[in-house]
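First the structure, then my questions, so here it is.
Just so it is clear, A, B, C and D label the chains in written order, and each chain counts residues from 1 on its own.
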Amino acid sequence: MTGGKGFARLIAVVAALAAFYVFIYLPVAVLVLFSFHAGTVPVPPFEGPTLEWYAEVLGNGRVTDGIFNSILVGALSSLLAAGLGFLAAYGMARHSPPGSTVIQAAIMMPLTMSYLVIGLGLLILFSSLGFGKSLWLVGIGHVVINLPLCFAIIVSQLGGHQAALERAARDLGASEFQVIARVTVPLIWPALFAAFCLAFTFSWDEFVIAFLLTSFDVTLPVVIWSMLRTGLNPETNAAGTLVFLVSLAVAVAFELAISRRKGTSP
Amino acid sequence: MTTFTAIPARYRALALFTGTTAIAAVLAMAPASAEEINALVWCDHTDDALLEPFTKATGIEVNVKDYEGTGTALTLVDQSQPGDWDVFVVDSTDVKRVVDRGLLAPVDPGLIDMSAIPDAVKAEDLHMVDGKWYAFPEKFGYNAIAYNRDKVSEADMRKAASMWDPKFKGEVAIYDYYLPIISQIAVGLGMNTADFTADDIPAVREKLFEMKKNAKLVSDVVTSQTALATGEVDILVGGGEYAVASLMAEQPELDWVLPAEGGVRWQQAIGVFADSEKKDAAGKFVAYILSPEGQARLATSSCYWGMPANMSAALTDAEKKSLRWDEQPAFIKGSQRYISPSEDLDTKLQDLWTEFLQQ
Amino acid sequence: MSAAQDMRLSGVAKRYGETTAVEDIDLDIPAGSYVVLLGPSGSGKTTLLSILGGFTVPSEGRVLLGDADVTDVPPAKRLTVTVFQDYALFPHLSVGDNVGFGLSVRRMPKQKTARRVNEALTLVGLPGMAGRRVHELSGGQKQRVALARAIALDPAVLLLDEPLGALDLHLRRQMQDELRSLQRTTAKSFVHVTHDQEEAMALADLIVIMKDGRIEDVGPPDRVYRSPRTRFAATFMGESTILDGRVVACNGGEARIETAQGPLTVVTDLPAGAGVAIAIRPEKLLLRAAKAGETGLGEATVRVVTFQGSFARVTLEGNDGLAALAKVAPEAAPRPGDRVALTAAAADLMLIADDSRRAETKGDAGR
Amino acid sequence: MMTPASAETRARRADLRRGYGFVAPALVWTAAFFALPIAITAVWSLFTRSGRTRDTSLSLANYERFFATPGFLSALVNSLEVAAIVTVVSVLLAYPLAWLIAFRVPARWQRLALILAILPFWTSYIVRSYAWLLVLAPNGVVNQALMATGLVAEPVSIAYSRTATVIGFVHFFTMLAALTIYASLVQINPRLLQAAGDLGASAVQTFWRVTLPLSASGVAVGAFLTFLITIGDYITPQILGGNTDVVLPQLILFQITRRGDIPFAAAMSLVLMVVISVVYILAARRLRMRT
């Protein structure tokens, strides 16, 4: 690399990346800033800072309930989606039943459908069956939308490499369950984890299905939506910032856990 | 040996997570020990400051679901199972319609002190059917014009025609609720909302669509408020004290007026669902909302402020000042109620609104 | 787990739709023998190993282990263990856990497992390595761990799928010796797949030469080398010069055969008129005129001479386009373009029944 | 009696049983909670609402109403336009970002770069859309920056418009498309690029003739997801669009929540479904042709 040209190129790369990150972080920065806004109206110019809105939001039972409900629905539905997705992916990859293109298309189909259509369908289905709206229905809907995603991620990771190792394990006397538990799952653990995390993220932030299928116990996005519609103050910003911080902490914790694991085996 | 130092570390996080959520799930399913009632309400009833004292005093938990507009509320009821709901807060002008659908049970007027409610607000014609009270008036306010005094003159805003005056093109926000806005146009055109029929629709429609040409946005309370506060728009059609009272302290240039032609008065009432299985608890909640303390908390609820129906509400002087307590007699006189549509007319008005949104 | 047992394939074929992977396979693997399946890629040797291991269920025929029919017994329940080409060591487990895997899925007590793991690791020359991580190992060490993992289960038959393919030449030779001695120590049957004929000769009690899904020849290495049954066996298992000919007369077990390089006599009872091939190993092809008891094979032109250390490799073109190959002492090597005479001792002429008769002769190949 | 031929058949059958056994739970779930609801939605779309009750005699009235009313059709057109613009802009922005991260950021920083790009999206989608209102406000960051640099003298009005909706969408989908494109870029064997260079291709030629075709699947997946989610989303246009440029999901939600006309909402969502399916089939065919 010739010094001057290389340096110029480096600057260009850094500048381009910086521009992207500014764009990506712009609303988040404003959001966080105005969560400390001292006025009741979260509009420029900024005044403050104050922690008043955090106290408000943490004292707001609907927000904390919403967070709890969101974690509950997200964790259970993502676990189920990743589990069903894994089983299907494993069956497809290792037993390749005939008609696998059709099966695959059937499993992937919800991915090509708008959440609104899925949510309305479930609303009609459950109301004609006489089921009341509840978080369980939201969880069911979230499994529907996340199952194809989990399936796709996991099936793409179930390659020939693990197949050879699974074959070896079977040869060494492991039952199918033992193969899955002791070889397949540990080997594709990152894919399973990624599928779970992605599913959780989608569930955590999903609005329309949750909006249509809940009444009293609602998830955080629905709480935030009604906060937005029902009062102009920086409490919403504080709630958004808290969500961000929690997510950040979780991401950092997992990142540390993974890198420490790597560190034990140099 | 090495297995246990290396591998389970991968599972540990998941195991912990799974365990926690499983416990959480069990906790969530555990039946709540306290008595619970479900209330379908406007958002001002979702304030913890309003609900907590009641729960503390009676041990009754109140689950609230907020809606905006009677249509939404009725849709929610349609999508529920009988017995799901106990308490209903609804626009006074829709009480009859709701009673016709068999949704409300009569309430015992002995529960509350009627004497402290002004006659215009008491409006027996709205709340009573066949001589029985079905809902009690609890709170009211105005849908008029909120505006930025630095940008537009109060004199202009006092003219109803300013709502569709092309000179304000791009400076107008419209509150996204068909009943008050249509009523407001009707009042602005000199009509009487009580006599509004389907024949009046074409005239309103014309002005409504003229107004849409000026409008920068049609949106819910908060989006409209934000637009007004950020200077995105200067005028909020359908705005009133509920929209700007909370902003005035920081942005004194924001204000609201009733046009000379008159404004529209919103008024909400509280009743008990006919198929509620907890009518006693629901009745206690109604009584609490209409008690002086309940009225004070409701009037200054965080979602929006408004005038308490019960004039004996325990409000401070400062709060009364913010609500323009003293000017109420004149305001009430200068304002009309929402159009009170039949099912058929309501459908027509909603279709009109859908068309308006798509203009 | 088990003492060594005989394993037998009888009438085995495997088809995938229209394509045939292996066909007409009859093979005995005597208990305690080292069998090498030798053949070019695509010859079906890996399919055969897979059928032995239970990963592939044959379309026809039976697989017997001892007296039991194990044709569709899954690998997990079969007394065979496979050492895979790429070792298939579990990257998420330590060396010890890899070796102990088979024992631990059978719920063997931990202490006993640990003891067996150490024994197996010691046997392959890796004592005390149980705590290592797999990715810390060298190629040769991985190979040994894979072996130890298989041996720890004490299988009746150990199946090795090109086990040395990934190693460099030096290491491969060393591992060959170790494999051989491991087989002797454990007294188990080893079935080893390779395409390297030197490896096959170095290891095998019994070599199975395969081509196009069929067995071409089976026998001890020296027999297969000295007297290959088919033309393919003669060229794949070491190089050969092949002369095509026809029996013109047969008399008391000696046949006179006409070739483009002249007449010659070999011991056989083939009838007159039969087409035959005669193979001569390069080191047996002499570049001089025939003496008494030797057979002259005409003249040839030297094409290429390559120095190979202890010998020189000479390719020649003889009468009728014959492609001949000889190995001679370097100091005696001719130069390209020289005309030389070709000669072989009568005993070094290896008779191969012609390809047209292969199908009939192959029938008894496994016996 | 066991014949060897049946051994193979039996083994294959056992394998099939297991295969279907593993796949079955996911299939059943999808059938019960995806296929069935959509089938019921289709039936309901043939009902009509009369007053607050339902007329369950089957008719195409809802579809006739949809296609006969200019307002509804224009919402569909708005939806298509917005989704198309968002898709194109997002991919155009995401590709360079993904390319920079995959090929210009050192390998050990790539993970961090990606995490940094994803992090903001862990904030609530709704709050983020709302935050754009503050960013785009007349006295917001964007206008202040524009005025400070002298690009404009007066604040530009961006919020509550189709532009604002598009910006809100693009913000999210640039990240999403960058992820799918990055995933396909890092799968390209670097030796292929070296080989192209070795065979005399310039950097630009290598990009157009090797890198881009090999990452086409990532682009297609990212673009399709963007289109799909954009055309079905309610939040962003509702918050940022100011209800002036109504899109189909807003009308569907309007029918569900305010008018309670579920049959009509069902008909509209089936129209939306058909549109998405057509786009999906086109995209899938294009992708198959290219690979």
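The criterion applied here is as follows: a residue touches a chain if its C-beta (ideal position, glycine included) is under 8 Å from a C-beta of that chain, and two chains touch if they have at least 3 such contacts.
No experiment lies behind these values; they were computed from the predicted model shown.
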Neighbouring chains common to chain A and chain D, by label: B, C
Centroid-based (C-alpha) most distant chain relative to chain D: C
Distance-to-centre winner among chains (Cα means, whole assembly as reference): A
Centre-to-centre distance between chain C and chain A (centres being mean Cα positions), rounded to whole Å: 55
Cα-centroid distance, chain A relative to chain B, in whole angstrom: 34
Distance from the mean Cα position of chain C to that of chain B, given in whole angstrom: 89
Contacts with two or more other chains, residues of chain C listed in rising order: 92
Chain D residues counted as touching two or more neighbouring chains: 134, 137, 139-140, 239, 256
Residue list for chain A, restricted to those that touch at least two other chains: 43-44, 123, 186, 228, 265
Chain A to chain D touching residues, read off their complex: 13, 16-17, 20-21, 23-28, 30-31, 34, 42-45, 84-85, 87-88, 90-92, 94-98, 103, 106-107, 109-110, 112-118, 120-125, 128, 140-141, 143-144, 147, 151, 176, 201, 205, 207-208, 212, 220-221, 224-225, 228, 236-237, 239-241, 243-244, 247-248, 251, 255
Of chain C, residues touching chain A in the complex: 53-55, 74-77, 80-82, 84, 86, 88, 90-92, 101-102, 105-106, 133, 135, 149, 153
Complex contact set, residues of chain B against chain D: 69, 71-72, 74-75, 78, 101, 170, 176, 215-219, 223, 226-227, 230-232, 343-344, 347, 350, 354-355, 357-359
Partner chain B, residues of chain D touching it in the complex: 51-52, 69, 71-72, 74-75, 133-134, 137-140, 155, 157, 159-160, 239, 242-244, 246, 250-251, 254, 256-260
Residues of chain A that touch chain C when the two form their complex: 164-165, 167-175, 178, 182-183, 186-187, 265
